[in-house]
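A short worksheet on the structure shown next.
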Amino acid sequence: MSGELLRAGILGATGAVGQRFVSMLSRHQLFRIERLMASSRSAGKPFSTAVEWLMPGDPDPRLAGMIVSDCRPTDDLDLVFSSLPADEAVNIEPAFARAGIPVISNTRSHRMASDVPLIIPEVNPGHLDLIRVQQARWKSRGYIVTNPNCSTIAMALALAPIHRVFGIEKVIVSTAQAVSGAGYPGLSVMSMLDNAVPYIRDEEPKLESEPRKIFGTIDGDHIRSSPMVISAGCTRVAVRDGHLMHISFSLSKPATETEIRRCWETFVPEISNLSLPLCPERSVQYLDGDDRPQPLLDRDRGAGMTVCIGRLRSCPVLGWKCVALGHNTIRGAAGGAILVAELLAARGWITAG
Amino acid sequence: MSGELLRAGILGATGAVGQRFVSMLSRHQLFRIERLMASSRSAGKPFSTAVEWLMPGDPDPRLAGMIVSDCRPTDDLDLVFSSLPADEAVNIEPAFARAGIPVISNTRSHRMASDVPLIIPEVNPGHLDLIRVQQARWKSRGYIVTNPNCSTIAMALALAPIHRVFGIEKVIVSTAQAVSGAGYPGLSVMSMLDNAVPYIRDEEPKLESEPRKIFGTIDGDHIRSSPMVISAGCTRVAVRDGHLMHISFSLSKPATETEIRRCWETFVPEISNLSLPLCPERSVQYLDGDDRPQPLLDRDRGAGMTVCIGRLRSCPVLGWKCVALGHNTIRGAAGGAILVAELLAARGWITAG
Amino acid sequence: MSGELLRAGILGATGAVGQRFVSMLSRHQLFRIERLMASSRSAGKPFSTAVEWLMPGDPDPRLAGMIVSDCRPTDDLDLVFSSLPADEAVNIEPAFARAGIPVISNTRSHRMASDVPLIIPEVNPGHLDLIRVQQARWKSRGYIVTNPNCSTIAMALALAPIHRVFGIEKVIVSTAQAVSGAGYPGLSVMSMLDNAVPYIRDEEPKLESEPRKIFGTIDGDHIRSSPMVISAGCTRVAVRDGHLMHISFSLSKPATETEIRRCWETFVPEISNLSLPLCPERSVQYLDGDDRPQPLLDRDRGAGMTVCIGRLRSCPVLGWKCVALGHNTIRGAAGGAILVAELLAARGWITAG
Amino acid sequence: MSGELLRAGILGATGAVGQRFVSMLSRHQLFRIERLMASSRSAGKPFSTAVEWLMPGDPDPRLAGMIVSDCRPTDDLDLVFSSLPADEAVNIEPAFARAGIPVISNTRSHRMASDVPLIIPEVNPGHLDLIRVQQARWKSRGYIVTNPNCSTIAMALALAPIHRVFGIEKVIVSTAQAVSGAGYPGLSVMSMLDNAVPYIRDEEPKLESEPRKIFGTIDGDHIRSSPMVISAGCTRVAVRDGHLMHISFSLSKPATETEIRRCWETFVPEISNLSLPLCPERSVQYLDGDDRPQPLLDRDRGAGMTVCIGRLRSCPVLGWKCVALGHNTIRGAAGGAILVAELLAARGWITAG
């Protein structure tokens, strides 16, 4: 039976997100880790030696002993997941696509490229049609599909059920983001203990642009961005996992509080009939408590794949405001990318070689 | 010489803000602590026994041995500072005003009363004229003057230099507030370790209404609020002191980035010629770093009385956005209230009995 | 099938440890929660209303709707778990025992009573024989069995495999204990953010006396304490769960480092053949890393039931030293008590009524 | 007047301890910073550009603009303070000594060298006589004097008043050490948020050996170590500044609790008559509270130069135990080293060139 699983490689396997991929894929129904790939500093060593393992418990023994490879395409892979640093991804990911291997990337390098789908499976699965444009470009069966930035995913998934019914025009979002988003070692404890930092490099532009692509429409060989206008202010706080955000937004059609809440409560994504393993029972969940969602209490809902929303109330400036929360290393990184891969497999875009 | 100092009482002296009052007034140039007052649970005990002292070091020996009194007016006081719980302040503060004793209060109970000034000395010192209306009401020389909420002070002081030149119309503010704002014991460590809470009871309404009064104008016997529209989202984070906030705002007149920065850099408050002891050299300070201000690094500027601003940039929704920071228990509580009292003394509203 | 489960009550169900009982027993193979009991303040309300739920996710829907009862014995219970405050447990627990209901208590009130077993199932299961003495005293089928203090459990389980082979004579232990040990709300964040507190009320005496009872021997109707001499220094640190400790110890027989490590690596507790549901594969686990065990990385091993040990090395004063870690609210509280109940059920001390 | 100040250089000025030196020396009564020296990466840049400034507020403007130099001896210096990394100090510090410049070093490289004094001014000022041995070795007026490890200073100063009266024979110490001890960036927030790490590289051997040298006696051209036996276990905790420790110790003469406390309360170091600027009023201070000292509340006593002690009680294993606390970057690093330099200047070992 394990012979029938799709053979997956992980690019950047020793990093913080890479470890999350290893952890989440060690017993997956569709994928089997075939190769762990990392920089030349790690290549040639057993994974357990190359990695500074940060997940609770120990890595799966089979993977702990696997020798880490260089980041080069090989013919024993049906797909690769990438969490490479952006400057490495820029060349390595296309090399895999050109070699015929689908790349599901959590890195920002190719997200805004015109023919690269930027996918939240519950929101814009139709954008996968761009794969054909890419395959023509690479002259190959390979392609790159990207997973949005961790805060984008939480915000876009929180807003999607409202957007498709009432049309969101303007958004002001302010985040309180977890330290795991900076990777490992990432931030010094000297910078975060008894502190908050109102700036995260490159984060605000991503949060202001990526949702416009996600909510955009296919126009021939590229995505036409949504006219939605977004303004973001990002803050790093002393929380391990879970990006929290206050969102104010305006609608193009009038709506009542009950109607907006009902959008979340009745949201059934198009992909829900596919029974994808990582697709949570509820992709969005509205919580009633005055002080919810909270990272500590709510980030693990739906095994970390549910985006939680709370505190819907009127905003005197833009009309409405609410709070949203998403697990940044699960839904916002490894889990989000694996769900994309599950969708690709279900739609026949990934097949056993 | 100490015989010439104004004799101050502290209402709620054992609480977290009360201790800050004790600490900041133990060697003040104008005021001398004459009485420490607290609830009946503490009254009759030496202060050092009644208090769970949270400030670094030990309390001043003279005050440590002082017997805590009940919260009743006596004739040995020229003024009182109040940091009583709101439900106690509602009756006790008027009792002092009626008895002829000026009350400078950090409590919310009377802030929005029509004839009670809500004062940031650098912003709206003229509102003190309302004292006369109050004195007529109390038929007494006493009155109540209030200090705004801790996040209001930081935001209103940050915006004041811009507002008086370009007119601010709309504001969306999202805060990351320190735990000391909840007092002691306040929040459980179980709620704040590895967590952030996107809700602070009663905080958002204060932040949406108090600045409108502060930026309002005297109209006979009351303040007519500014038409400024404010929307607030408040989050508690694991920071000891210092409220940080992202602020988006629209202006009624066009402005350039340079012009806005110049407002902060050249801000000279009307009270600056009074040489008030707690008035910092710079009431607002713009910081250049990409990632500033930060609570840990910047909250103590101007001995905690300077509000820091940074990251001015355009906001695609409202026009402009920036970050602001104020020390919540110094500028935002005890220090702010003492500066109000210094202003009252300088203007002759408080005199030796 | 659920009809055959033993019917359990939880005394103190709304507290921090009580919630852990609720969470761990909501799908247990042997026990079914029949009653949630708490103080009169909570009694009469649905559990979801009475509790300030601190566990991730939501409580089991069946239990969320269950009406909380007073702490009085009823005839629909086969056993009760108690996490009552000590001053309430002192009377309530005997009332249940007298009424014929076995009480498995996590509270300190009766731990040192001469005929009350203080049990770590892997260490001193034989002490359960004292139950007969108690039943005679209560003139009832009921009895009280206690779970040791959270740090005692970690230390005693870490030392047991060495003690039974080489005999431990003297111990100096210094702890770094998690904040969850103080319950909820427990400690103020103001006391723990950027701080450590070198004192935990009543903790050092427990850690110095309880292991002596656990390592003691039955002598007629009571336990004769072990002559082991223990000195403890306890510190609270900003960690959510997991009590960490440095332990120095002397042995009555010479041993090599290899021999000591082998004691841990080959430890097979007498109860291992009973297949108790919560008994972990390894009750103690030695970790090789220089800097292990760590609360964050190792507290959840064995689903929180494994005590981890590391850093065995010679101590120039007492001979040997090592580091140990136990999850204080699982192994050290609810999980430890449930394992005791599983052992009681396996040995026939708890039966369906 | 400033022309009469001794001209000081700082080796490693941009590091975490280096910044503390800069901050503490910017207005010192005896020393004037003449040169800021650092690695070639920083040399040639203005200090404000080369440094990632971590202290509150801004660096002194005169120093902010100073161009950072290479770490080479020049003839405009009367002394240098060193906080170089150990691998750099090993060659650079001797180069300065050989060039005739006294080096006061906070680095471990030369601490245990036989003719290098390891000094706590209140404890072993007489060890400075070794300077003559060194000067003969270097054939120069220069020499190296070292400041002990940060936890050694706190423990040795806490024990010194007892040791000289009653003789301490055995010590078991367990620390909870602040993150600033690891420098900047030092530890990842991912390793310290909700965690404690029971290991600090090279720390335990220092704590077991350095006090023996400090409490040793001069024997010709070297120090004969004290026979005191010390066992240490070191833990890193999420505290910014302040190393806390539980200490158990045995005495060579019988003592009562009152007698031991009196040693601390009446401790007058030999150097107290020299009026050294950084010498605190009390080098050791015993605190009465059950739960003191605590890093947050007590680390800044004596401007960070006082070591606090509390919780003296009997230890069933070694006789006595207590808790001690020292500010690791002030008393334990920059402040401790500056106090050594003040003593050297007072004794004529440093003179204007």
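First chain written, first letter: the chains are A, B, C and D, and each begins at residue 1.
Criterion: a residue touches a chain if its C-beta (ideal position, glycine included) is under 8 Å from a C-beta of that chain, and two chains touch if they have at least 3 such contacts.
Small disclaimer: the values here were computed from a predicted structure and weren't measured.
Peer 1: Using the contact definition stated above, find the chains touching both chain A and chain B.
Peer 2: Neighbours common to chain A and chain B are C, D.
Peer 1: Chain C and chain B are one sequence twice: same or different residues at the contact, by the over-half rule?
Peer 2: same
Peer 1: Decide which interface, A-C or A-D, involves more C-beta pairs in contact, and give its chain pair.
Peer 2: Result of the comparison of A-D and A-C: A-D.
Peer 1: Mind checking the centre-to-centre distance between chain C and chain D? Centres are C-alpha means, answer in whole Å.
Peer 2: 42
Peer 1: Starting from the mean Cα coordinates of chain A and chain D, work out the distance between those two points in Å.
Peer 2: 48
Peer 1: Counting only Cα atoms for the centres, state how far chain A is from chain C in Å.
Peer 2: About 40 Å separates the centre of chain A from that of chain C.
Peer 1: Can you list every residue of chain C that touches 2 or more other chains, as numbers and ranges?
Peer 2: 54, 193-194, 238-240, 296-297 - these are the residues of chain C that touch more than one other chain.
Peer 1: Quick check on the complex: what are the chain D residues that touch chain C?
Peer 2: 170-172, 174, 176, 194-199, 208, 229-231, 233, 235, 237-240, 244, 246, 248, 290-297, 310-311, 315-318, 321, 323
Peer 1: Looking at the complex, which residues from chain B come into contact with chain D?
Peer 2: 54, 56-57, 193-194, 296-301
Peer 1: In the complex formed with chain B, which residues of chain C make contact?
Peer 2: Going by the criterion above, the answer is residues 16, 54, 179-180, 184-194, 238-240.
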